[in-house]
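Below you'll find the structures, each written out as structure tokens.
Shared between the two complexes below is chain A, which pairs with chain B and chain C, respectively.
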Partner chain A sequence: MKRLIGLFLCFLFLVHLGAAFAAELTAEEIIRRRDHNEYVNTASAEAEMIIVNNNRKTTKTMVSYADEDNGLVIFTNPRDRGTKFLKRGDDLWMFFPDAEELIKISGHMLNQGMMGSDFSYQDIMESDKLTDLYDFTLLGEEELNGRPCYVLEGIAAPGKEVSYYRRKSWVDKEKFIGWKEELYARSGRLLKVMETKRIEQIGERWYPMEMVMEDKLRKNTRTEFIIKAIEFNPEIPADTFTLENLR
Partner chain B sequence: MNKLLILTLALSLALSSPALALEIGGEAALLWSGSFLEDDFTGELTESLELEVFFPRWKSLELRYNFLLSKPLQALFGDEEGSYFAKKLYLKHRGRGFHLTVGRQPISWSFGSLINPVDFTLGAEALDKEQLSKYTDAVEVYIPLNWNSNLALVLSYPEGFIEEPGRKKWGIRGRTGVGGYDLALNYVNEGEHGYLPRQRLGLTLKGDAGDFGVYGALGLYFDQDLPSSRSYLAGVDYSYNLDYDTKILMQLEYLGIQPDSLEEGLKMGLLKMDASDDRLDLLIGSISYPIDYFASLSLVTAFNLDDGSLILGPLYQNTLPGNIDLNVGATFFLGGDGTLFAPDPLRAAASVELSYPF
Partner chain C sequence: MSFLVRLSFKNLFRHRLRTVVSIGAIAFSVMVVVFARGYVTGMVHSVTADHIQYNSGHIKIVQEEYYRQERLLPLNHSVDGLGEGGLDEMIGKLEELDGVNMVIPRLKFGAMVSTGDELLTLGGWGVNPELELAFTDIEDSLVEGRMIQPGRLEVVMGTKLLDKIDRRVGDKVTVVFNTAFNSLSGVTFEIVGRLKSGLKLLNEAVFLLPLDEAQRLLYMDDQVTELLLVTEDVGKIEEVLPKIKALLSEDGRYLALSYRETSDLIPFMDLAELIYNQVYFFLVVLACVIVVNTMIMIVAERTKEIGMMAALGLERRGIMELFLIEGGIMGVVGSLLGAMAGWLITSYFAEAGLDFTQAMAGIDADVPFNAIIYPSASLGNTVFAFLLGVVIVTLACLIPARRAANLEPTVAMRGA
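Up next is the complex of A and B:
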């Protein structure tokens, strides 16, 4: 009987220890775990972008490839069919299919809405880990849409060029996925809110499959980004991220 | 002509059958255009259909077919004459270490400027949307050297290989990236041509300087019977953030051509306009304001610093419900008689276009 009581006490102790350990995760550890889920080293995907403005809606479809600092997006919907974007490091190139022209896009365009959406080129093609770009602090815990979340605040790390100076993130306490993100300018003004609508477990990681970005400076607008299919660590041909492949 | 149009359409639709795994895409457009002359006005309604057949790639081979039918309905049901123009009908072989493209294809050496004085085919893109002359019968060999360096060799038949195989033109272009800048050097030999200098050498550069995009070009034109001439282009582009939300995109460039330029040829080639001036100093600019996701307002302008003449081209674009594009544009030619941009008797032009991509 004493052994049973001892085991029970040990079990309680371990449960308590585990809970205490989970509660004592640092902001950096939480974001590191989130990066582990959401940061993509190498991937290929098919996605759909739905741009909504009041009652009007337009849909763009694309296939994309990512490999560390390089990205390639190829649009497949009728209006933009064949338009391609190549990102190599900080360089962005665009292929215009009609005249088959290949133009280097100026750096200031990276903050423009990609193909008229609420996602900037930087949002779509930014490949750095959040832990590399921001210094995070843990603000507390909240429940969001029935999920327990850590609430964190990230401030751009000194010397890092980022699209948004500050971001407030709601990160799932169990799945370590970002459910919501508020993106702020340096002035403190709220620019955009991104919410994850659906996540999926792919292999060992959870990954956001449907996201909605709202530009808070515009009324009644939003862009939905839906991943139709994604493959992690596929074999991507060596010449994928070259100008040669854009033509 | 009517039979050809019908046959073309029928063939295209037949080819797009799912059994052959082909797809067809394109754009149908209805355009009204009007010209305001000194004491007259003319207007015209034109419909067009552009179709592209998407063939599946077969091993290293890729077949592209893209054509434009002008006035197909008026040709079928009225007395108007329609026209067919193949923009692309080529076969591309993507070999190891080179690409070979044979057939009708676009040859464009654009690098991001509004006007490119050293393009393979000269023409002011900002002032002339339909650059059909860029689509030419040609053989192109493209040799990639690394991810952003390559060499392109082009032999083209500007009047068409079948129509006039004797008239040849050739060029070579090397492109590379240096310190974040896109750098290209090219040479074009026009062969026998009525008004263009026979040979030209061009250098283009594009990159970033802080928050600005900067670019430039240098052109050297020479002909055995005439003194050589030069062109200089320097430009800048910038996004101005209006309250974080609206980004106004601006581009401004200067184009100068040396006073002893080769007769009227260069101006004809670049601007498709005649002028009596013996020099050319232009400021060309564009500004674009996005009204919302679907609509934008833009203005393209060209100002001749030598004679004070000006072109103003406002354009309103909107994607209407149903995925229909509406473009309403105008062009105003301002200046005295005989100036570059105020060709007598044309004073202004306007256009309204509805188009549907599919």
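Up next is the complex of A and C:
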């Protein structure tokens, strides 16, 4: 009888173990959950960008508005006050208070550091969901800064134009936030490293509030991006993302 | 002697065509020497002058770190005075030094101009217009409009640059640039002047704006990226340089470099000049082959005559002199004609210039090489080529002259 009970318990254990394996998330599901947290449909935010270049520290403040395809950034710090960036679909336009015409940013300029930062214009242009741009595979699990993380590798999906051919991501196992991201060129060269320093729960989603980007092609530079306030799904006037409004 | 000269002169007319061909060969080679030398000299002068005017002055003062990254036009390693003193005080101290005539401040920065869908990368030069007009030949290149004036948002651009961005003098242009605080900024300027120059740099790679406006827009008050010093005389640079270095040593951040130290091209030009001087020599030697050949033919034809003259008492030395004078006359006449023709051609091209704009389209704008070369027509060069022709031809005639002089009279008279 005892033997039968033992076999039954073993059976129950195996069934439970099988169920646990079945519940293990796929790479796509992990990134989908991350997108659910980090991808923004509509938002407005106030942010600060601290650019550290060798011993020199420059701070820029801004307010921004975004919907699915468009984005508007208005700089508010004294030296850049009035400068605006408008992203409309795949185009990026700039307005400067002392200029009589709008400037369209294109070509190699999109890969330059935005306002001297480690973020490129292309970085802020890519607003698609990561699942739409990359094919991810799960490499394993690691602990990063005391948090259990999935380690994933994303390779640019065929036909998709992305700034970085490969990205390695550390995604929190519980909160589904990317804590760290290594961005590589097709040649395998490490281009940038982005780390999330602080996250915050806003409503039901976790959102990164402080990030640090390091452009590995530049020496001794890093850029801290700090979100001071953010509102999801606000009412944004219809003409916010028009060229007329940019002037 | 006068008998030998008269005889030699008469002999030259015995075979006029042959004499004309020999003189023609000498004239052609001397003409080529005059022109080639004028061309190379003009090119070297042009490269040196353009480098001095648009890159280095006679002596250039920059921050050491700036010099290392000069191609990137960094704004964070500027010339901003000595110690606590400002830029004006520094310029004043430099101007007070013996041998320094002018101090020219320039603020160079990277910029972009929108051409609709594309952004064109170019360089902005904040300059003091009065000093630039006094030091450079930019006024000659200013073919339309006027020079920029301080305190105004205006620019002068090159012809090709204006074509690229589809603008004319009187139009407005918006320029985008990074300030010293790494902010991207954009400003609209009025285009007040158009430059047309063989220098790609001026024609399509940079635009000029007033220094005070550049300093304000880039947040670089009382700062420039370089100071160019003009000395009384290029030859005095080595005397002035130690004084400048001594003055700069109180700060420790700056380099003072002579124009030769900042040019990659000038040492090559010096080398080319040296090589070409040897080429000229061989060019004349080549023409001498024809003259020597003519002379050998003459000696062969006149063997009996030489024997007769020797039998009548003309010494070997006299015979040698006879042929040397004959060759010398051809040398003098040919060289004179060649030198005159060379001088005329060189003078023409010294005015008109030789335009290599198409051929040099692919050369980097940073290379201060003028696509229009103006050969230098100088009397010294013409006289040099003339003397080179005369001396080399006369020396070359020693071979046939010795041959004639060494003939045995009895053997020669038999026509052996």
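Quick note on the criterion: the second predicted complex is superposed on the first by the 221 of 247 C-alpha atoms of A that agree within 3 Å, B and C clash if a C-alpha of one lies under 4 Å from a C-alpha of the other, contacts with A are read in each partner's own complex, and residues count from 1 in each chain.
Methods note: contacts are C-beta pairs under 8 Å (C-beta built on N, C-alpha and C of every residue); 3 or more make two chains touch, one makes a residue touch a chain.
Predicted model, so just to flag it, every value in this text is computed and none were measured.
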item	value
Combined model on chain A: chain C and chain B, fit or clash	clash
First, second, both or neither for A:60, with chain B first and chain C second	second
Contacts of A:201 with chain B and chain C, given as first, second, both or neither	neither
Which of chain B and chain C A:41 touches, first, second, both or neither	neither
Chain B versus chain C as contact partner of A:191, first or second or both or neither	first
A:106 touches, of chain B and chain C: first, second, both or neither?	both
First, second, both or neither for A:81, with chain B first and chain C second	first
Contacts of A:137 with chain B and chain C, given as first, second, both or neither	neither
Touched partner set for A:233, first chain B, second chain C, both or neither	neither
Chain B or chain C, by number of chain A residues touched	B
Listed stretches 9-17, 27-35, 63-71 or 153-161 of chain C, narrowed to the one that overlaps chain B	153-161
Residues on chain A lying within both footprints (that of chain B and that of chain C)	51, 53, 56, 58, 79, 98-101, 103-107, 109, 116-117
Interface residues, chain A side, partner chain B - complex	51, 53, 55-56, 58, 78-79, 81, 88, 90-91, 98-101, 103-109, 111-113, 116-117, 185, 189, 191, 215, 217-218, 221, 239, 241-244, 247
Parts of chain C lying in touch with chain A, wherever the complex brings them together	76, 112, 114, 116-119, 172, 174, 176, 178-179, 181-188, 217, 219
Chain A-touching residues of chain B, taken from the complex the two chains share	25, 99, 105-106, 108, 110-112, 131, 134, 142, 144, 146-148, 150, 175, 177, 180, 182, 206-208, 211-213, 237-239, 243-245, 247, 249, 290, 292-294, 319, 321, 323, 357-358
Chain A to chain C touching residues, read off their complex	51, 53, 56, 58, 60, 79-80, 83, 94, 96, 98-101, 103-107, 109, 114-117
